[in-house]
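Same chain, two partners: subunit A is paired with subunit B first, then with subunit C.
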Partner chain A sequence: MTVSHTSLRSGMGILAEERFDAIVVGAGPAGSAAAYTMATAGLKVALIERGEFPGAKNIFGGVLYRKQLEDLIPEWWKEAPLERAVIEQRMWILGKESAVTFSHRNERYKEPPNAWTGLRVKFDQWLASKAEKAGAVPIYETVVTELIRENGRVVGVRTDRDQGDLYGDLVVLADGVNSLLGKSLGVHKEWAPDEVSLAVKEVIALPKEKLQDRFNLEDNEGCTIEFIGDTFGMAGLGFMYTNQDTISLGVGVMVNDLKKKRIKPYEVLDAVKQHPSIRRMIQGGEVKEYSGHLIPEGGFTSMPPLSGDGWMICGDAAQMVNAVHREGTNLAVASGKMAGETAVLAHQRGDYSIKTLGEYDRNVKESFIHNDLKKYRGIHGLFKEMNSDTLFGNLPQALNDAAYEWLLVDGVFKKEKQKKAIRTLRNAAGGNIDLLRLGIKGWRAING
Partner chain B sequence: MSQSIEERLFMIRYKAAEQSHLIIKDQDTCLHCKTKECNFFCPADVYDWHPDEKKTSVAFENCIECGTCRLACPDYNIEWVYPTGGHGITYKLG
Partner chain C sequence: MLHIVVCIKQVPDSREIRIDPKTNTLIRQGVPAIVNFYDLHGLEEALRIKDEFGARVTVVSMGPPSADKALKQCVAMGADEGVLISDRAFAGADTLATSYVVALAIDKVGKEWGPVDIVFCGKQTLDGDTGQVGPGVACRLDFDQLTYVEKVEHLDDSKKEIIVHRHLEDGVERVKTKMPVLITALAELNKPRRAALPGVLKSVRYQPVVWTTNDFPDIDRAKIGLKGSPTIVGKTWVPEPKKVDTQMLTADSTDKLANELLDSLFGTELPAKLGWA
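Showing the complex of A and B:
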């Protein structure tokens, strides 16, 4: 990367006179997957990234999934920088000083492997390097400030470098959740605060042996824990994932709730770190990095049109995140691949209009991206209608209180206990009718 | 194990651009802004309201480029662009 990279940097003026078959903006999973697909098929591709290197600006939880990357690069996990193979997933519903937990552990997740934990600085560099090796021209430390349009068609990009205009037959927008370019093109408007969440994260170092003991792991095994509750009544989700010798701990909350509560995001993280279930896992660890990033939460209803004359948009820039299953990178990779394939088709036909590029829209529509997001399209509305304090504060607490009572042996008749447990939950939801309504709405929201 | 925000930001490599990539469009809007919520929602404490000077200060070299302020300021009073290429934050883990 380094040699060609430096010469290209100084050679930007020369480059600008060249034409590309395709220009990709953003070297995250979506952009690199698109660039890889097109370069492998022989297209002349420019891969532009604003960071010092791909991954420099990027964070995630994070879990990487086998399937969609395997469709791109067979057996990719044998060469990619990964942390641990996920064999156990836990869900914690937190009360003030308690937790109700669910989990699934299975040896079958080892062969074939299902998912791994990872860190983006290493991973994104690796995936981009695959695109580079396939022939994509890396243009890093470069911000695309504008799309160049002629007669309503995107024909290139303007960058913040001297003589920094680049021209190409088509542009793939893979510029992530902020997607200033998608907005400039009018593909989508500015996201409303309830269409995104803000996550803050810390990577906490812990001796490997200690980490493995605390999470019940051997060798390369990994464990993921998501938690709800303990977010000051804001709609949100926390995560604690095991890396080789670090723990990724973070919490994301909806920006509309964050605005209301006037709480600093890192104070939410501080509070979570004090929770007895979490404190014990990270005890004695050393914080190596603090970070923050937005997550698209709008899902199906926020997805914009995906292509037009001379352009296609993929990944987070198009709100392709399945928040319920914390899947994002795989949707990004799959959409990048589909956009890349459509670009190859357009190149063969010599047609870069929406007529051919619309093929990308159609393919996404038939894929798991469209289908899974559609299934959960009600979630956004559910959060909108329901009070976050109820869903993410009172209910998790009530469930914990009910569990406490249920397991407490104090001579109270079990029948009484059961009544009390139900009463606790009902009150937390705001009464019988509301509990029922919540149940029905919740069911509908996840069954599209 | 919880640290101050200064200690936290100190862990992120930062290459400062000469000019701020964040600009308060109109300080008068801030003066009349009832919530001044940018003082809270920013994960890097970039914004601070100074009542005596009637001014929101912008510590742009703290910014971790998340984008929240751009869409969360109730008056869309923050002009938000990326730092110039290669500038701003560089994570070492991600």
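Showing the complex of A and C:
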């Protein structure tokens, strides 16, 4: 629905008399980064957020990365509320009662730090406060219900408050994965079930010492664990991250698989908590929080056009998530910054049409966002084509079975063992040719 | 024009308060602060009067500097000015010391922005629950006090008359009085409004007026803060849950169940108490 603002003026009489250079919808990482960039450059910015305060209801895994936010706020980590500096990342491939694991631990991740674990309730609030201090006007507990358009151009937003219309030269849409506003613009449709996954997460409290012992950590060191397998043969990824004195544990599963198998996401999480490798890590912990959220998984092929007359869209609302590397917040921050910079340019030129705002599309195209997502664009197709049972059920199990055989000392000739291990994997993939095909497809999917 | 003062207090959000099982005290840390629920009903009534007759609404709060957020919220809703009475010397006040300072402040509000016609307070606070500050302020200002008001029936701004309904234990009292008057608000009085967008924008930039002890040259320092607070908390405890007899009713149809329920109710003293039997 669109409303013209002249008809409104006569109809309702009173309007918020203020006009803004830019209106940002959503105070997640993307929106706050955009608002900060614009406010710092002296633009008059409104930052609208539906939560009681930014981050109030937002969740993620979550790992926060240094680089992209550093480009915006040098040494930001010295003031931001963070949990632990990640010095070790582990990958677990789970079988029914087993795990094959890889990991990398490196002291070099300390100086300069690469990533931290964090909690959105605190982090989003902090980042938004930076935008506020730079001069952005916070309008919280306020939902933007629609965009106001005039002659096909976005000229403002309508909110759920009385006299709630707000006008600005341009609107930055940073309203997250569900982006109702993006849909209203027609830049993207309702996401298909194979373009999003549903994640559920628990925050589990554990005494600090116990946590540090279990994860092999000291002081402020942190560790992340991602796991695949043992998710009822559905395409999914689990995660277990160390905070100061809590553990973030969750799983995200593709919505189409959840639908097909008629399994509830919390059932997957409950099952995961019983896995012997995970059960021990969280033993004795107390569940403090429970939450759920969608994750964009469509990647490159699902990215909508990023700008138009009077608007730009960034972050999750534009499907900017690199699921393979669990990067999202950094893409959100980087795109918010680029949108903000383009807005500043538009302000200088006095041109808010796609001619100038299209600069944002071009900058994203040259950045890591476009390039990384492009590299993995085949993944979405691979998942679509392949049976999730094979990729996320049989193969991880087969790898575990093969590892078991390989390490079992039972007098069987090693040559035999090797044959058997390969056979196990081949059978899981559905035969020689299929294993080869999967290998090639997989390679292509992750190499653009 | 009428001048209405609303007294508010910032309190911890009781919906999020937990009790430390070891020490039996409230865990206040990390609990978000909100405007005391009943005070918002007082503010809403003041704003309704302002909408209908035109009035100046001044909000007064005694509290730490962080209570400016509560005053900003009131300005977002439509109050004209917020006054924060904040000074270390006021800290630790009980209801006696608080009423003394709040009354002084309202007196000063009258001198600054014109004589006060109505003062609204909440029935009580969520964290203290005493309900003593409103009446304490009324006595000191020598205003008529109308406590536990659930309805403002009529207001005549030229005759400065007001008719309200007071909710009492055994009924409702309809009272007519002359202003100035102090009213303590019940939740039944109204439904507080959501701030309109222009109000929110105004409140973002609004800075409340701050008064410290220096703004009250004649203040009696023996009557403020901890020193002016004779209240002694003898003991606090968490009441044991009351044990009540529970009777479970079962029947194969809802009609039968309802009849059984009525039968058993009429077997008690309740109907007589309620005047049904």
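One rule holds for everything that comes next: the second predicted complex is superposed on the first by the 433 of 448 C-alpha atoms of A that agree within 3 Å, B and C clash if a C-alpha of one lies under 4 Å from a C-alpha of the other, contacts with A are read in each partner's own complex, and residues count from 1 in each chain.
In this text, a contact is a pair of C-beta atoms (placed from the backbone, for glycine too) under 8 Å apart; a residue touches a chain by one contact, two chains touch by 3 or more.
Keep in mind that what you see is a predicted model, and the values were worked out from it rather than measured.
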Touching partner for A:L166 - first (subunit B), second (subunit C), both, neither: second
Which of subunit B and subunit C A:E18 touches, first, second, both or neither: second
Touched partner set for A:V137, first subunit B, second subunit C, both or neither: second
Subunit A residues touched by each partner, larger count belonging to subunit B or subunit C: B
Touched partner set for A:V177, first subunit B, second subunit C, both or neither: first
Partner chain in contact with A:V287 - subunit B first, subunit C second, else both or neither: first
Subunit B versus subunit C as contact partner of A:G250, first or second or both or neither: neither
Intersection of the subunit A residues that touch subunit B with those that touch subunit C: 142, 159, 161
Touch list for subunit C against partner subunit A, complex: 194-198, 200-201, 204-205
Touch list for subunit A against partner subunit C, complex: 14, 16-18, 137-139, 142, 159, 161-166
Subunit B-touching residues of subunit A, taken from the complex the two chains share: 50-52, 55-60, 119-124, 140-143, 145, 159-161, 177-178, 180, 190-193, 196, 198, 200, 202-204, 246, 255, 258-259, 262-266, 269-270, 273-274, 282-283, 285, 287-294
Interfacial residue positions of subunit B with respect to subunit A in the complex: 1-3, 5, 8-9, 11-12, 15, 35, 37, 40-45, 64-68, 70-72, 74, 76, 81-86, 88-94
